[in-house]
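A, B, C and D are the chain letters, set down in written order, and residue numbers restart from 1 in every chain.
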Amino acid sequence: MKYQVDEKGFYGDFGGAYIPEMLYPNVEELRQNYIQISESESFQKEFKSLLSDYVGRPTPLYFAERLSKKYNTKIYLKREDLCHTGAHKVNNTIGQILMAQRLGKNRIIAETGAGQHGVATATVCALMGIECIIYMGTLDIQRQAPNVARMKMLGAKVRAAESGSKTLKDATNEAIRDWINNPVDTHYIIGSVVGPHPYPDMVARFQSVISAETQAQLLKKENRDYPDHIIACVGGGSNAAGLYYHFLENPRVNIIAVEAAGKGIDSGKSAATSALGKEGIIHGSKTLLMQTPDGQITEPYSISAGLDYPGVGPMHAHLFRSQRAEFISIPDKEAMDWGLTLSQMEGIIPAIETAHAFAVLDVRKFSREEVIVFNCSGRGDKDLETYIDHFKL
Amino acid sequence: MKYQVDEKGFYGDFGGAYIPEMLYPNVEELRQNYIQISESESFQKEFKSLLSDYVGRPTPLYFAERLSKKYNTKIYLKREDLCHTGAHKVNNTIGQILMAQRLGKNRIIAETGAGQHGVATATVCALMGIECIIYMGTLDIQRQAPNVARMKMLGAKVRAAESGSKTLKDATNEAIRDWINNPVDTHYIIGSVVGPHPYPDMVARFQSVISAETQAQLLKKENRDYPDHIIACVGGGSNAAGLYYHFLENPRVNIIAVEAAGKGIDSGKSAATSALGKEGIIHGSKTLLMQTPDGQITEPYSISAGLDYPGVGPMHAHLFRSQRAEFISIPDKEAMDWGLTLSQMEGIIPAIETAHAFAVLDVRKFSREEVIVFNCSGRGDKDLETYIDHFKL
Amino acid sequence: MNRIDETFQKKKKLLSIYFSAGHPELEDTFPILCALQDSGVDMVEIGLPFSDPLADGPTIQKSSTRALLNGMTTEKLFDQLQNIRDSIHIPLVLMGYFNPIMQFGIKRFCEKCLSIGIDGLIIPDLPVDIYHQKYKPLFDQYNLYNMFLITPQTPEERIRYIDSLSSGFIYMVSSASVTGVQNTFGNTQEDYFKRIAQMKLNTPQVVGFGISNAETYRAATRFSSGAIIGSAFIQFIEKKGVSAIPDFIKSIR
Amino acid sequence: MNRIDETFQKKKKLLSIYFSAGHPELEDTFPILCALQDSGVDMVEIGLPFSDPLADGPTIQKSSTRALLNGMTTEKLFDQLQNIRDSIHIPLVLMGYFNPIMQFGIKRFCEKCLSIGIDGLIIPDLPVDIYHQKYKPLFDQYNLYNMFLITPQTPEERIRYIDSLSSGFIYMVSSASVTGVQNTFGNTQEDYFKRIAQMKLNTPQVVGFGISNAETYRAATRFSSGAIIGSAFIQFIEKKGVSAIPDFIKSIR
């Protein structure tokens, strides 16, 4: 298992749990229990039943006929946009709420940027009747009003993170502070494969249902249980981790990770961590992150709020460093254009995050027999304002 | 088959095709072909494959545990809100676009009120690469800006209906006028079980996948293939028709239809057709509709744009007249409150249309052993503005 | 003998005018009828306004809406027409959608028409088949002619069927379209007019939809028995007023 | 002998002050240090500002941000401290998050500390286990003490483990919380202080987080060897200025 986490919580050089002692009891409790709990029969039964009856899994593996014809290759879309709440995020929050219940927690906190993870967390808390507090940067609260309203509809309290750049990174800091202040009753539902061990591994396991289903679906559709290429966008990296999971050790599968170039790699307004980041510590884990030479974390930029994170999860740092995955970065404009293209060619309005992945079709050539699976990580309803502004609709 | 359409296109006294001669060739072509085409193997194969791989069917039949506990009965939700584009509407548009292709049409028109049917139509047109024109009342265009943007993203042209009250009824008139003006190349995708025969029957057949799945799912979960009660909201009646379809002739199944009372049955601002309507002709079919004593069609009112239709489909008029179904009407306020309740108890933000159905739980008593299936016809994202305004979120 | 049949026997290239009752003003019905008769118009279609006139273009939609706002109702129109036959002798046809007629009561509606001296009805959304099965005996009983539409898309067989059930005239819709104004007719339309003429139907044909001026009137009546002007007339009286009606009619023929 | 050990041998109920280097003004580091020493403070934690200080409350977050805006960097701080031992003789501890230290180069950072005369480090997000496995030899080589935190939730076994790896002092976080100001300590906190005292650890304990005035200082030091004031001190100099520092220290003891 070269690309999975080791017993110490590392992916190669990356990972670990660089946390203040105040978090130790929480994180340690989780670390000691997460595998045993999540592999227990009762957990698996409840998890699978909620994924199927509540989330709507399995999500389809959809053969995109018009797109395939145009690019003369075989393009499949793994339809995470059809998940309840509109993105893959809920796979993880379902898993974590069941984990929290079994750990006896009665209060949930989470951070959110675009609001998708906040909505997915508020959703599972409503489902279970558990108190829910969502931290969100003041700026993001303004930018993502509909998701704020959704969280409130769901009964969550949305707390503004006023510090720093008032976006996702700061919301994460605030959530961690809350956890420090409430070490006994509270579980922190992190929204991506980031944070201290065991979070990256735990979140990847919950999201791995994506690649497990993909294997079974490909077997039916293509008579083999693996594709030639798997492509996903990477913010923190959870949807990508989910799509890659069961293919990591299969060398026949080429892995492509797509980051947000923002206004261009060299523009100073970018979120392409693999190109611009250096090894460092963020939110409790050693990984690649964008920072000043002095080690201050820099504010990333992308038109998509979900890719607007200054780091990547440690699994992805390792995939990059080891060259297991190819990293490509796509600028705002190309991503937006692909949002429109996918809408008009396949009738699927993707999240702007998701749209980044598809732009790979203009950057890499694929052959006619190759099978490509894109992770269609989320739907674009949350991004309508941005699309409207951008295209003057 | 007492409650299904007869060979002449009638449900008891209701239905038929009261259309101007200009529409005769179109409607007749459809009438002569719709059954043969839709029952053909090639159609069924493509229809089923799109419903599964594109729409995300089967949608789950979700046992709502917290709600069931509170109301001391067994409550299941048929999760049409998880369909691609966010409501049951797409079941019908998938069927109709395949029909249109087989009839050799290369131009699609549709009407829309809230925009859900418009989005579902624009979606399937993008999927097939067919020109798409959506008629929408000027007032609705203003009220439902996000859905207008979605249609435009999908490449549809949205045309404003400026006549009359500038809402759904007028958009329907405009669409019919367009069809009159383009009788050869154009197919009109009606969005509910309304309009001239064979539309009500055709749309009901496409939506009947809802009750077919429900039967199979209940058999697994409850060991019998029928519930005690089925409950759905009725605007035109398509989601209800879909849920009722395979249970219509089963007398053990109690049918409840929920209409929008708006500001109250007697307020002059209501859409409770069964209570307020009389037999008449609207959009080519004889049914119950709200009208002045002089036979002018009156403008209905409901806080939910999708229930804001002055008639009901002829099947529903017949179910009402024959007392096969019980009709209940729910005012705005109760529906809105149920939008919040469902959000906070089950983590599902329903469309306001859908929320009306659940309010039956406060109006009727059910016993502990009874199995109730609600049609969760759509998700509430399109209604966030209304929820925000109403609850001051 | 029905006034419609009489008129077709006496006249060639009939000119018929449609207007929405109650428009521009509620009480204009009588002055308009008088002005039309005095200007030599051969037949009139009086439009019973409807809230949702789905076979009509913008002009007639607007005039209908205006008429309803002015307070026009079926009752009111019948009141206005109560003694019309004291002054008007040309054929009068009521044209309206089926729903208001149903609500009035179809039998009662027919009685009223008979008592007033209405010669026929055009109900665009009452299809020939349903008429045939359900309403023909009633209409016949009250000596009301019911006129059907045909369009360029109506198959020959169906035209023959409609012809067999028709009385008065067949309303030949000039092109596949809703009502409205056109300035010229093209070749396809002429071909269609010719084709129908060559069918030698029992019922005379009158062309409607899109006739707006002398040119379209002439083209429409070259192969048919007459033409109906609606939208153009309505636009005219809206601008110039009821008193200018003679000018409009003179401009046509 | 390390100045920290020396101080603990000489003094009871140590008073230690934390401030963010570069705040309120970039060049305040030296004047603040002098004023603290002159006022009789026993030890100082100099905060290396970080963009994302996730264990800190609003006051220290703000002072860090301000310091960064003022232009504070690791290089700059070392420059400011280059000749500090000419004037300052009390123990100096650098307190900072791990990432800026990593980026500076850990070995190079240690060298710098040694050459300047820094006595120890507090790195809240460098956990004891990772320190133990990877960095202890390096720190030892440069004679740098590394101080660890414990909290009311730290299990006894782990406290003993931390004690076994500790040098200088154990930073006893007063309650499960981020840094910030509290006005009084409650019973649970006193129980916790007592419980730790009864463990008779090898390393002296200093209480930090929430100490703001004479009362909390007294409560904190009743069962421990000293106390650290951070947020309250920062709020004070923000309002009253660096020159008023003696007033603050006098108000504490």
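Brief remarks follow.
In this text, a residue touches a chain if its C-beta (ideal position, glycine included) is under 8 Å from a C-beta of that chain, and two chains touch if they have at least 3 such contacts.
Just so you know, these numbers come straight off a predicted model, no measurement behind them.
Shared contact partners of chain A and chain D: not a single chain qualifies.
Distance between Cα centroids is largest for the pairing of chain B with D. Averaged C-alpha coordinates put the centre of chain A at 66 Å from the centre of chain C. With each centre defined as the average position of its C-alpha atoms, the distance from chain A to chain B rounds to 35 Å.
Contact of a single residue of chain C with at least two other chains is seen at no position.
Within chain A, contacts with two or more other chains are made by no residue at all. Chain-to-chain contact here is organised linearly: an open path runs through the chains from one end to the other. Contact annotation for chain pairs lists A-B, A-D, B-C, with touch applied as defined. Listed in rising order, the residues of chain D touching chain A in the complex are 50-58, 61-62, 65, 68, 73-75, 97-104, 124-128, 130, 148-151, 153-155, 158, 173, 176-178. Considering their complex, residues 52-54, 56, 59-63, 66, 79, 81-84, 86, 122-127, 129, 146, 148-150, 152-155, 339-340, 343-349, 380-381, 384, 387-388, 391, 393 of chain B touch chain A. Looking at the complex, you find that chain A touches chain D at residues 16-22, 24-25, 163-164, 169-170, 172-173, 176-177, 180-184, 278-284, 291, 293-298.
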